[in-house]
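Paired with chain B in one complex and with chain C in the other, chain A is shared by the two complexes that follow.
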Partner chain A sequence: MSAGPHYTLYHPRWYRRRVSVWWWLQKRSYAAFVTREITSVFVAFFAVVTLWQLRALVQGPEAYERFLARLQTPLFLTLNVVALVFVLFHAITWFNLTPKAMVVRVSGKRLPDGLIIGLNYAAWLVLSAAVAFVLLRAA
Partner chain B sequence: MARITPLLWLLFSAGGTVAALLFPVHMLLTGVAVPLGWLEAPRYEALHRLVTHPLTRIYLFVLISLPLFHWAHRFRYTLYDGLQLKHLTVLIAVLCYGAALGGTALAAYLLWNLR
Partner chain C sequence: MPATVALTVARYRPERESEPTFETYEIPFRKDWVVLDALNHVKDRLDGSLSYRWSCRMGVCGSCGMKVNGVPKLTCATFLSDYLPGPIRVEPLDYFPVVRDLVVDITDFVRKLKQVKPWIIREDGTSPPAGEYLQTPDQLDAYKQYSMCINCMLCYSACPIYGLEPSFIGPAAIAMAQRYNMDSRDQGAAERLKILSDHDGIWQCTFVGECTKVCPKHVDPAGAIQQYKLTGATHWMKSLLLPRSAR
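Let's turn to the complex of A and B:
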């Protein structure tokens, strides 16, 4: 054996198995995780629709009528239905995760997870009813 | 970046809560029920009067802005992990938060100019 260290010309690359871009399809829980991440795209979509409606309101009655007509096209109707399904998935997973993200203590005792989740759904119900009431009264 | 990370997480969770609590009802009414004719669309004058109310303006600003930051934060990590784009960290962060800031500015501008 030769004495002294032996240098290779190139630095060896560490062996790393390449992970497929589709890694999240291999397991149900991974797929659910990525679906949850993707809901954000539909959240942004509806924020943009709301901006668009607001712009129509600023521009005047004709622009508002055009906005309403656009939403009736099959393209936007489909997009809106798909977006609603994804945002519902976001809402449900979000509510169910709150006790993990936020531990609430009342006089030193931790509130049970079910109670926190229940309060979320109750708030959801009340707020949805309030929004629907205000919007339908304007209709 | 490290210094504003807590703020970004705060915006993410506040936006996620706003989107979870308020988006479904708005989407169901504006995006589905009205276009399908299940409900009559609010008349321009009535909706305009509702939206010019100061409280509604604040409500709409929050309703648009916070969920956009929620999207920016979550989508950023979707691109990193889902599409394995970790090497584009800075570019993706600038584009995502930039878009959210742009949308927020546009919302402020429109709400300000609504007469």
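Let's turn to the complex of A and C:
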């Protein structure tokens, strides 16, 4: 033998790929996830509007009239419609995810996911109906 | 049925290249072949220098995880026939440093897995005094799903949070922690709570849910993390409201 075997020494010259800023556009599910995260801004928007409404209510009937008039401007109507769409997306996607976080066992058997989601929607309907009942009766 | 299918494989030879390139091989198409068979064909017949990991070729060892057409898969369970007419693109798992071709460095995962203490912890630190600990089928059922994890790391490769925050302890490690937390023989939940509810634990997870989608063993790591968030939050509330003795 003229020369010994030639070994390549282990030298971890790793290749690391950087995560692109646009990673959330690379898959539909990532985009849906980021959209769900962004909906929090619109949830916050509704919270701020409610606080604003309370403030107007405290300031008296005139201030409340002004508040109502402002809500009826095209800008606020558009904003509210957009926010409603995002908040519905928020609510529906979160309801659909609840079986992952809530595992309910009845006599040792895990309740099916559909039932847990259904119960959430049922609770939503009942609460909405209760709120509507209170408001409509007052009107 | 085509006679051949094109397999585009990521190559990274650190002594030759500074970043990965792709090479395409024409593979005879057989309907019973999986991607791993195609890689073995390349290594045996076409290019012996191709590097990749595999062992059991039956979905048990968790070695052959790679990205197939952009999705993390066990290549031993991914049939060529599902990707016709091709080409089929094979790449190493995302977010792990690539050592060579399709081989990634898994040190980070192994270190994290060890951190969550994936073994049965007893408060008295002893082994069973009189034979084994008994368990009912219901008690087994509580953690069995998590015990199916084969440490293939597909969930890490699917998790954008792990890519963005490499310190995140990650889906499989948390699912493994839950596997022991839910085990009626284990008493180590308090020890694991420290690492799990820490900055790099469950709260890094924003519930993208991809880990569960790619899991080949239906472990549902996303579910494990969300359920543990409830446990973590309850514990935090208790530590805030209750005296030490009542927790």
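Assume the second predicted complex is superposed on the first by the 119 of 139 C-alpha atoms of A that agree within 3 Å, B and C clash if a C-alpha of one lies under 4 Å from a C-alpha of the other, contacts with A are read in each partner's own complex, and residues count from 1 in each chain.
One rule holds for everything that comes next: a contact is a pair of C-beta atoms (placed from the backbone, for glycine too) under 8 Å apart; a residue touches a chain by one contact, two chains touch by 3 or more.
The structure displayed is predicted, hence computed values, not measured ones.
S.K.: Give the label of whichever partner, chain B or chain C, reaches more residues of chain A.
M.R.: Residues of chain A touched, chain B against chain C: more for B.
S.K.: Contact-wise, after the overlay, does A:19 reach chain B, chain C, both or neither (first, second, both, neither)?
M.R.: Both chain B and chain C are touched by A:19.
S.K.: With the two structures laid over each other on chain A, which partner does A:101 touch: chain B (first), chain C (second), both, or neither?
M.R.: Once the two structures are laid over each other on A, A:101 reaches both partners.
S.K.: One more residue to check, A:64. First (chain B), second (chain C), both or neither?
M.R.: First partner only.
S.K.: Scan A:37 for contacts with chain B and chain C and give back first, second, both or neither.
M.R.: both
S.K.: Look at A:82 in the shared chain and tell me whether it touches chain B only, chain C only, both, or neither; answer first, second, both or neither.
M.R.: After superposition on chain A, A:82 lies in contact with neither partner.
S.K.: Quick one: classify A:115 as touching chain B (first), chain C (second), both or neither.
M.R.: neither
S.K.: Can A:127 be said to touch chain B (first), chain C (second), both, or neither?
M.R.: first
S.K.: Following superposition on chain A, which residues of chain A contact chain B and also contact chain C?
M.R.: 19, 24, 37, 101
S.K.: Quick check on the complex: what are the chain A residues that touch chain C?
M.R.: Its residues touching chain C are 8, 11-17, 19, 23-24, 27, 29-30, 33, 37, 97, 100-103, 108.
S.K.: For the complex, give me every residue of chain A touching chain B.
M.R.: Against chain B, chain A makes touches at 19, 21, 24, 34, 37-41, 43-44, 46-51, 53-55, 57-58, 60-61, 64-65, 68, 71-72, 76-77, 80-81, 83-84, 87-88, 90-91, 94-95, 101, 123-124, 127-128, 131-132, 134-136, 138-139.
S.K.: Can you name the residues of chain B that touch chain A in the complex?
M.R.: That would be residues 13, 15-17, 19-32, 34-36, 39-44, 46-51, 60, 63-64, 67-68, 70-71, 74-75, 77-78, 81-84, 103, 106-107, 110-111, 113-114 of chain B.
S.K.: Under the touch definition given earlier, write down the residues of chain C that touch chain A in their complex.
M.R.: By the definition above, chain C touches chain A via 12, 14-15, 18-20, 94-95, 97-99, 105, 138, 141, 160, 163-164, 206-210, 212-213, 220, 222-223, 226-227, 229-230.
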